[in-house]
Amino acid sequence: MILQVSGVSKRFGGLQALSDVSFNLEEGRIMGLIGPNGAGKTTLFNCINGVYKPEEGRVVFRGQDITGSKTYHVAKMGLARTHQIVRPLNDLTIRENVIVGACFGRENHSLGGAEKIAEEVLEFVRLHERANQLAGSLNVGQKKRLEMARALAARPYLLLLDEVLAGLNASEITQMIGIVRDIRERGTTIIMIEHVMQAVMNVSDDILVLDFGKQIAFGTPEQVANDPKVIEAYLGDPTLAAELSGKKSSA
Amino acid sequence: MKRALYLLSVVLLVTVLLGVTLVANAQERTAVIGFTASTTGKYNVESTRQINGLNLWLNQVNESGGITLSDGTVVTFETVFYDDESNTDRVQELYTRLATDDNADFLISPYSSGLTDASSIIAEQYGKVMITTGAASDSTYQKGYSLVFQTYTPASRYLTGALDLLASLDESATKIAIVHENDKFSSDVSTALNEYALALGYEVVLFEGYDSGTTDFAPFINKIQDAAPDAVLGGGHFQDGSTFARQLYEKGIDLKFVALLVAPPEPSFSELGDAAVGVVGPSQWEPLGLIDAMAAEAAGLEFFGPSGQEFIDAYMAAYDEEPSYHAAGGYVAGLLLQKAIIDADSLDTQAIKEALDNMDLLTFFGHMQFDTTPEAHGLQIGHSMMYIQWQGEGDMLEKAIVWPPEAVTGDALYPIRGE
Amino acid sequence: MSLKNLKNPGLWLTLVVVFILGVIPIINNKASAREETLTVLLSVILVSSLNILLGYTGYISFGHIVFYGMGGYVGLFLISVYGWSLWTAMVAGGLASGLLAFLLGSAILRLRGSYFALATIGINEAMRAFISNFEPFGGPTGISLNFQVYNQYGGAAQALWTIYYVVLALALGNILLSYVVKTSKFGLGLQAIREDEEAAEVMGVVTPSSKTWAYVLSAILPGMVGVLFFFKNGNIEPGPAFRLHLSIELLVMVMLGGYGTIAGPVLGAFGYQRLRGLLLTSDLFKNIQLTVAGVLLLVIILFIPSGAVGWIRHRFPVTRRYLP
Amino acid sequence: MDILTFLVDGLLIGFVYGIAAMGLTLIWGVMNVINLSHGPIIALGMFGIYFAATSLGVNPYVGVILVSFAGLLLGMLIYAIAIHRVINAPHLSTLLATFAVNMIIIGLGTTAFTTSAYNVDFSLGNISVGPVNTPTTRVVAALASVLVTGALYFFLYRTTLGKYVRAVTDNRAAAELMGIPSARILALSFGLGTMLAAIAGGLIATFFPFTILSGGAYELKSFVVGVMGGVGNPLGALIGGLILGTFEGVIPAFMPTSWVPVLEFILFVVILLVRPTGLLGAKK
Amino acid sequence: MSILEVKDVASGYGEVQILWGASLSLGQGMITSLVGANGAGKTTLLRTVMGLVKPKSGSISFNGRDVSALPAHTKAELGLILVPEGRQLFVQMSVEENLEMGTAPKRAKPRKDYNLERVYTIFPRLKERRTQKARTLSGGEQQMLAVARGIMADPVVLMIDEMSLGLAPVLVLDLFQNLRKLKDEGLTILLVEQNVQMALAVSDYGFVLSHGKVDLHGPSANLIDDEHVREAYLGI
């Protein structure tokens, strides 16, 4: 069991962002984390990697309780992530961005060692030709790959991917899915927040569904896809849409 | 062609010969006086007056044809100066520039003890005589310099006379409060005053410093009220001193005696009106306390330079304002240099240093004599302070010199308030 | 930090230029040039060290001068009271400032943006007020040195030259240090913090200790040159030692040259100090030099906000490799 | 020891600190700019009423009104020239831009007025209540501070233009979307900030002498007040000023006055660390 | 006739181009929806139309007038109002004050009372909470307030970005129904939505944006049935 999340809750002022989320993740799997916008998916990531301290519940990573640990400690233990809204270090080159990941991540490389890893990782995400460009000059898709490269350079045991497919076109999505699979092949466990349903259903071993901060389903893609609660939450209530259309036709 | 060449050589020869004779006859020499002035920053006012005084002297000397040495050399003067912005960052850089690039023959100090400390090292290092003015701290002259000479009465004797005055006015006054600005000069003065007061048997009921730039003296005044002293002494510079005096008055504290540094002798202090009445201030020089050749004769000293009245008239003519002691100090700095050059009959630093070491004379500014011991070389030991007091009412205020007894122009008002 | 990094031509260019400018007064044996260059070199040291915090880490300090004053006080205290030599006092001053930075940094570096800037102002003012009350350091009168103290360094004239050599060496050393820091793993972490502190934490940069050490590193050299400057000056008082205005001027210099670069702050220090020197001594401007300087500063901030070196790097990306 | 006198004096000066800080925190709150030219503008306000009194011969309080309009215009001018271009740039740019304005004003001011002290020759006598005895001008200044705070409050909360200022403070992008010309509102806010600084200077000049450098001390205290009271909130500034004034007034009753700035700035840093949004908890 | 015409607009942020020649037109008095995947450029298109982002090329005309170069507040004066993503309320101000801020355009002033009445009728909840600060409202109420504030500006065209974001479906339905009421009063509405099904259900005409270009448009009813749309945007 690489990650155990039990009873995690997080509040912001009056808003209950997460309530009582629990799941266990086995090593080597890909878990999809889905739910409508605002469901608390990114908040859950933030509670796992230490950006937020949950009010209740525990997060155990590789047997160690990391609830409320500092983000950098969690990172050094082998937990890396990407951000939904990319956060490149704009004034550094792409190579330097990735070197940061390698230097300060789990393996704590020296600059020399990190440089080698950076070359390798950049080739893996196909950014090696732009290695000397400033990160700020990339487009969104490239920045997402850069985020991924930085996270990978840390050689994490567990990788949290926040909407890496968003904004990509069909062929880019295929490419990215390939990358995600390859990462898993190398032995890294993955949790991915995703909106592109086809892809996430396709690639995940487990799916966790959040809605308004509550965990409404956890299981295989098939189980989840057929769960009526999920259909209602995620796709909007089809009956409501019908109601609207009905009114329109009657108007 | 040959002819032309011949002619040319003749012309050249004549020119050279003429030039040589001219130089040999006139032997003009312009001595450069270098200093920094606080054109900007907090010392701007005092520094400007000081420079006005110096320039007045310089113009007078030059207009009167300079100083003629025994070898026929006529020495005239010019100044080079830079803005030190009232802070020490560049003082040494600028003084070095004056001493080397600008080939200053003599240096005058900047205004204030802090800046003077920094410039003294440069003067000493480049072997330039420096006359200080507006730099009263004793410590500057206790650092082993040999070329730095002070015109002002040092800080240690700045306010002690006020205590003597108090003692002469009222034997029953025993409690005093000292409230001073927290800068080098005012702290030095107050520390010396404190020691003197204890030695005289006074009880110092309050001894506190306030930050430079303080405008609200309420906490100090409240403490004074609590301590109920007979006299308050202290102060710092013009702005804080006049504010302090004004607020002491506004708060209606019953005090018998108030003596403050720097501010009271300034003519504009009288703008405080009733708040200025009775306030005593030490002055390096006062237009009232005119010193002239007759006074010198009485004291058995040589008199040099203009009389007090002549100085005042010239200064008023030049700047259309009454000279303050800063202006007089600037003037006398030049005057001392002039006298030293005459005595030394040379522009040589060593000769002039000796002339200054041996100097013992009276000027309109007062008695000038320098300490020549290694411990405090250059410290002013001849000059002493005068103490003025504002007297009168409302818009009709006048200064009177109330101490020392030999200079007194009016009886001291005592007690100034209450009773 | 690998050796190949040291082959960067921009670094060497900067070092060589500073070295040549520093050596000119020595060759000409001209004291006024030495003093002018010394003012510039002091600024180079203060500015390059500030750049470690401001340029690399992205924290705006309005109180950098605290370390200069602190070093100066500790140094002069040790020299005047305990008779330490200038050199050991200089090291002690540097260490004292480093220690101060460590203590302060642990507390205030959690503040961001203008709140950090304000805290540094507060510390500067608190420090100045404290030293004014601190009797061992002479309270408001400060500490003065006896002229005799220069005798053990060959007299005042020689001492000033010796101090100059040391300052030149420190300036070169500081440029090298700031380069080494920038190209090290530690420096990379700092730059990551500057670009995005949270992202840096997520990648494992231990931000509190990195920032604190950056602060300490940026404080040591100001502490050392503080000792040298005030030793040369002969006295130290609370006002001049903790002058807020000087801190702001340092920011201006970093800004003029381009922050975060090696050459920028050096260029900024040269440009600013030379300009001020010229204005101060020019007949035309000496009465309005402050205004002229203000107008020039404003124009530069409004139109070349990334500073000279930053502008070149931005305009000609090729130069990025050569202008570290 | 009569603690009451210490307290009253502290409170009276506190009103002045409050109004001096109000302009700084207004600008800080609205556009997140820490105005380093605040001090020199306070000083200009002082000179403003001096010249109004000496050249135009008007009562200093009429002078304050004239000065306030001049301050408004000056502020809008400063905004247009020095701030607008860098309003969205990193903090350092606005800090240095306002610092450049500071240098320019001080430079010109020194050339024009030197750094000698000026004094507005004006007195309204004293007010005595029990052991407390204080010049009337200081009481008037305290009342004026309350009045100005009230007027500013009325402006910000009761007039449309004032609400626009608050809207721009709250969310500049949204204000622009709603058709509020944010650039003009920012210029107005900067103008108001300098207007308040000028008024503060004018009031101070009725009882303290001043030089062109006098504003610096009030600028520093305004930072402290801003951090105590929270930024962008006039009442917060006034209360922050009163806290600071009381602190400065009462501490000397128990220890040497020269320790006040030490404690004051340590307190300032501690508040920043503990509650950077201000003791009164206004928004960031 | 079309009241807002966007032609071949290209724009983006700094060096990053997001729109690559997008075109769009709004029929007067209609609800038009603009749908597309995350990152397709929907919000950028709105921001460009509004003048918050400068178009690199292409033109935007409103009421037959070229408004491509006008700043946002001038467009608001003309009656082009955007209800931005994430509501962007003045959170420190009361509900009433937020609504008042909606009347900043001159054209809105004479109709202030009328619009306030209208808004309170449509969203009675806001009337109940009119003295509360905006930040104390619930998510749904905040969204209502954002729309209401837009209405207070007396818009000719109201553009709403991601109205359903983070709201429970029942609330979304309520809001959408209210949009229909506004449409019936003659308002032209552009709805930018990730909730494709509902957006198309409520709108008359739809545009599908992908990768910075409109690659499909037509009457909403047709789009709902379009295989391509279903596959690409409705998922499974």
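Think of it as A, B, C, D and E in the order they're written, each chain with its own count starting at 1.
In this section, a contact is a pair of C-beta atoms (placed from the backbone, for glycine too) under 8 Å apart; a residue touches a chain by one contact, two chains touch by 3 or more.
Predicted model only: the values in this text are computed from it and were never measured.
The set of chains in contact with subunit C as well as subunit D comprises B. Centroid analysis (C-alpha atoms only) places E farthest from subunit C.
Seen from the C-alpha centroid of subunit A, the farthest chain centroid is that of B.
Put simply, the C-alpha centre of subunit B and that of subunit D have 38 angstrom between them.
Mean C-alpha positions place subunit B and subunit E at a centre distance of 77 Å.
Spacing of subunit B relative to subunit C, judged by their CA centroids, is 36 angstrom.
Separating the centre of subunit D from that of subunit E, both taken as means of CA atoms, is a distance of 42 Å. Each of the following residues of subunit D touches two or more other chains: 106-107, 110, 256, 258, 260-261.
Residues of subunit E in contact with two or more other chains: none. The set of subunit A residues touching two or more other chains is empty.
Subunit A meets subunit C in the complex at residues 49, 51, 70-72, 75-76, 80-81, 83, 87-92, 96, 99-101, 103-106, 110-112, 114, 134, 150-151, 154. Put simply, subunit D touches subunit E in their complex at residues 160, 163-164, 166-167, 169-171, 173-182, 283. Across the interface of their complex, subunit A is touched by residues 1-2, 183-185, 188-189, 191-192, 194-196, 198-207, 260, 317 of subunit C.
For subunit B in complex with subunit D, the touching residues are 39-45, 48, 86, 182, 208-211, 213, 215-216, 218-220, 222-223, 225-226, 238-239, 242-243, 246, 250-252, 268, 271-273. The part of subunit E that touches subunit D in the complex is made up of residues 50, 52, 71-73, 76-77, 81-82, 84, 88-93, 97, 100-102, 104-105, 108, 149, 153.
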